[in-house]
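Order of writing sets the labels: A, B, C and D. Residues in every chain begin at 1.
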Amino acid sequence: MTSLRVAWADTLVADARRNERIVLLDADLATSTKGDTFAAALPGQFMQMGIAEQNMVAAAAGLSDHGFIPWMSSFAVFFTHRALDPIRMLVAQTRANVKIAAGYSGVLTGLTGKTHQDVQDLAIMRAMPGMVVLSPGDAMECAQMVRWANEYDGPVYLRLARDAAPALPAAAAFHVGAVSRLVEGGTVVLVSTGVQSVRTVEAAALVTASTGVTPRVVHVPTIKPLDEESLCAQLAGVDLVVVVEEHSVIGGLGGLVSEVLCSRAPSPRVVRLGLQDHWGESAPNADLLDKYGLSPAALAQSIASYLNIDGANNG
Amino acid sequence: MTSKHVDIDTMSRAPLGGESRRSFAALERVAATARWLSISTVAASQAGHVGGPLSAMDLITALYFDQMRIDPAEPDRIERDRFVLSKGHSSIALYSVMALRGYFDVLELATFDKIDSRLQGHPDRTRLPGLDASSGSLGQGLSFGMGLALGARMAGRDSHTWVMLGDGEIQEGMVWEAVHVAARYRLANLTAIVDHNGLQQYGWEPDGNDRGDRGDPWRGIDLGAVFRSFGWRVIEIDGHDFPQILAAYELARGANQTRPTVILASTIKGKGISYAEHQHAWHNGIASQEQLDRARVDLGLDDIGEM
Amino acid sequence: MTSLRVAWADTLVADARRNERIVLLDADLATSTKGDTFAAALPGQFMQMGIAEQNMVAAAAGLSDHGFIPWMSSFAVFFTHRALDPIRMLVAQTRANVKIAAGYSGVLTGLTGKTHQDVQDLAIMRAMPGMVVLSPGDAMECAQMVRWANEYDGPVYLRLARDAAPALPAAAAFHVGAVSRLVEGGTVVLVSTGVQSVRTVEAAALVTASTGVTPRVVHVPTIKPLDEESLCAQLAGVDLVVVVEEHSVIGGLGGLVSEVLCSRAPSPRVVRLGLQDHWGESAPNADLLDKYGLSPAALAQSIASYLNIDGANNG
Amino acid sequence: MTSKHVDIDTMSRAPLGGESRRSFAALERVAATARWLSISTVAASQAGHVGGPLSAMDLITALYFDQMRIDPAEPDRIERDRFVLSKGHSSIALYSVMALRGYFDVLELATFDKIDSRLQGHPDRTRLPGLDASSGSLGQGLSFGMGLALGARMAGRDSHTWVMLGDGEIQEGMVWEAVHVAARYRLANLTAIVDHNGLQQYGWEPDGNDRGDRGDPWRGIDLGAVFRSFGWRVIEIDGHDFPQILAAYELARGANQTRPTVILASTIKGKGISYAEHQHAWHNGIASQEQLDRARVDLGLDDIGEM
């Protein structure tokens, strides 16, 4: 049950040992993001940039011009909100070879609250041309993504999470763009991303136990560039799609799935579960997941309710 | 926390009323109590910051128990002074002082960081009356305070705005935008207080020269000169010395000024608790029972018993 | 053919003459945004904040706390990218009574290029809880929105455009949330927003002339909070929805329409026309509209091509 | 533009080759020509900035025709010096100088701001070889340059990075983030050049006191002191005096430095064209034919005929 942040840091250290062009810039959060592992292992490739995220992003772009592969460590929200303008102009618009390790995404940010949670990042980053947006489901997938990003020449946004992340069941090896099926099932499909995918698998089991219906579960590790055919193939033949994300229901995975399905009519109904357009707060993980309907139990309950409605409509 | 709190609670209801407004001993007692409330509350909720709240405590105590024109019974009065805790991760310091000052019951501190609490990990002004500013994303408070001060002046209100910043926080460029504009608008009713405790979260590696050690983000830089060059009045004090703090606050509010004031307060991160002082690792942390016991002794509060 | 920026400035001056609590903050762009009209008319209610957008936003939040109604003048992109973090924490999260006059949105920004154009703002701002996002189609609607925003207590993002804007035909009076039908028509509906709506109406006429099919045209002035029933009522009975926006096809109006339609299956096909996930450039308006397929002629051509495909499918 | 350009063009192909590298007269001639190319190109494309390009022209000319280690024939050489035009709205100044220096044909200036042009309204490094930085959103260039300088040093390259900033632009907080970090990393291979022309776009109203007039965004503030306090070396020059400019550049590149250098260049917005000088309204503008004629005379270029 390695967390994504640990998987990120460990993989980055391993890659950077072999490739000294890989460097890490920190905006004074390395003790949280686990960037301090890197700093301890490879001090010559680590640079403190202070509490100044905009400057850090621009500096990373400059470093990439001299052939370095700069990663940056901070919290997701301080990238996507505080430093969005340099990410846009100096990284995305110039296609700089810069990697964003966006720690503490979602609402499970260790008792910090709405100012530190990021439930808009997928909406923001996927609207940005030229940005690769990755959202790993577990430590193993995260490690593959780090290695992939180090090979890929261009900007990458890697959505990380703070806490221990159970392994995805039966995840396919990571291929950028591709969607993977975690649970086989019938005419209802649950679509999720990031560490929420595992909670969604658990919810599916509860749904099966309580209703007898076995939902299919699909995991979307690449928010952008998404292989739309791969997604559609996984959604073929269903009549209800439930998107589940530790993110706002606006513009993120739910928006992406809606856009893709609508562009190929007729579309099955898409229900979007996640933060219903409100801010989060600071509280223990279990309380937050319950309150926002993202715990397996809460999810199972709302999914079951849609099954009934759907059954009524179709039956 | 139990009824053993009553004495403190009572004091907070009639804050330093009969006594001289400037009983330094009383202020010190409040600050020590607030330090205890902070470290014990963080330990109880299993998360939160420690070092920054402790370094800022005397400065915040002096504001709420001496300098600021406020009324806990009517926390939204528009003519009140405003306090912006720009370094929002020190929220527990502010909550502890506010509780002691009578904004809410000390027992409510137990809800810190719990679901539906008014005491969020970082200050959320939409939840708690008396909280003048939301913060948490560093570097924004001076700009907000600049707007408050400008608004007060335009509305003809004699309200002073006090903004507390961390010394790591002022690496954020947004702070310097506010420094420039506040001086340009001659906001004499704005005071910035820099909690210069010499540490931030992870900080800068020593590099064998006169710059960039973890021990002080601004070592080698004359911060006073920087602010002065931008047109600010600069007051440098020991941020744990109440006579100096109170004098600086009086001076800052003083009339006939045409410049905003910055108080550069030299402080100790983790102040008052032996094992936390100067410890970068105690930026945040959960004290063990043993450490809590020790803290109470360090703070001279062993007389008030287990809380 | 008053531009939105002029309509904004003139209406604001008129309102601010009657209400001295209305003030305008400028980040050194008043000569472009037409904020200088306000500065000249009401110098005591105008405040220069310099080239520092983040500070301006936070200062506006502070001013609102003392009962002022601060508007801010800058370009859309410098709000949505440079100042997004204070907009989030100090305006949206606190529900401050602050109004964002987001000038020079879209790609028609007067020969400035990709660094000044904003084709992500709707995606970004509509993902933000508590933000009202308005996108006026012409000067008259813009004026109504300004007056509405001055009465409304809370944050408003007003999407403005630089150049002369022809009047919307038959627009309903502005009601926040409501969608209005500009052109009656059959089984194809064109949905647009902002000044692109008029170009879309012109495109519809060209489509009718060349194909005989008369598309319905619907204008969405409120991106958030959208009255979903109002939108669905306008889209009832169609089998092809073409969303047209001077914005990225990701996450903006196209995303919004897809989300709404998908949540009520079965959804008709939604085609999203706009910037196809790339950056803009600096060039005369006509060239940009042609290149990005947003001129009436270019639009008519692509809409007609979808009609054929759709005709083939349905016929 | 016609073949009358040939002489200039030829010069740019073998820039100041045979002559002394420091023929001030030759530099002045280049700058005058580039000023003409700028104002006439902007007029032809019916949009663009004028005042800022003209104030920066001598400083940019001196970089490209004297100081910078560059090779227009191999614009991407990794050891080259870098130039970051952080005040990207002055792009036409840079394009004019680059064209004269041989990066591309002067005739290509006619495509400025046209569809599919390599000469974007604001510099786009993905389109034009030799353009080291994209800019347009103000305040980002010093941070990017800081990264370039750090990268050069880490890679062991003797490449100097030059960043030009506007005096309005440095109100952006991001600039001060870079000021802090560049000094901390002792980036002696980084030079900032502030085009201190005293005007920005709309600017600050005079307020009857010593601060905030439209005539100078920094009046009353000792910018040199600010930079010095942050740990920078400060050189103050007349930004239209080639001997001073060249000397400052030599000093800035100089060895044995442990600090980044800022050159505060006192300049005139609209410099060289009588009706544009000091005129806030000529931040941008389209010259009429009459004004163009006058500009040519003002620049002493009436001898080269109609272009």
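Annotations
What we mean here is this: a residue touches a chain if its C-beta (ideal position, glycine included) is under 8 Å from a C-beta of that chain, and two chains touch if they have at least 3 such contacts.
It should be emphasised that the depicted structure is a prediction, and the values quoted were computed from it without experimental measurement.
The set of chains touching subunit A and also touching subunit B is given as C, D.
Chain centres here are C-alpha means, and the one lying farthest from subunit C is B. In this assembly, the C-alpha centroid of subunit A lies 29 Å from the C-alpha centroid of subunit C.
Separation between the centroids of subunit B and subunit C, computed from CA atoms only, is 42 Å.
Taking the mean of the C-alpha atoms as each chain's centre, subunit B and subunit D sit 45 Å apart. Within subunit C, residues 50, 52, 54-55, 77-78, 81-82, 85, 88-89, 93, 114-115 each touch two or more of the remaining chains.
Each of residues 124, 134-137, 171-174, 177, 180, 184-185, 204 in subunit D touches at least two other chains. With chains as nodes and touching pairs as edges, the resulting graph is complete, every pair of chains being joined.
Taken together, the subunit D residues at the contact with subunit B in this complex read 171-177, 180, 183-186, 204, 209, 211-212, 220-223, 225-226, 229-231.
Against subunit B, in their complex, subunit C makes its touches with residues 23, 47, 49-50, 52, 54-55, 57-68, 70, 85-86, 88-90, 93-95. Touching subunit B in their complex are the following residues of subunit A: 26, 28-32, 35-36, 39, 43, 48, 50-52, 54-55, 77-78, 81-82, 110-116, 281-284, 287-288, 291.
Residues of subunit B touching subunit C in their complex: 78, 82, 124-126, 132, 134-137, 140, 143-152, 154-155, 157, 173-174, 177-178, 180-181, 184-185.
Chain contact summary for the complex, subunit C toward subunit A: residues 77-78, 80-82, 84-85, 88-89, 93, 114-115, 120, 123-124, 126-130, 239, 241, 248, 250-252, 254-255, 257-259, 261-272, 277-279.
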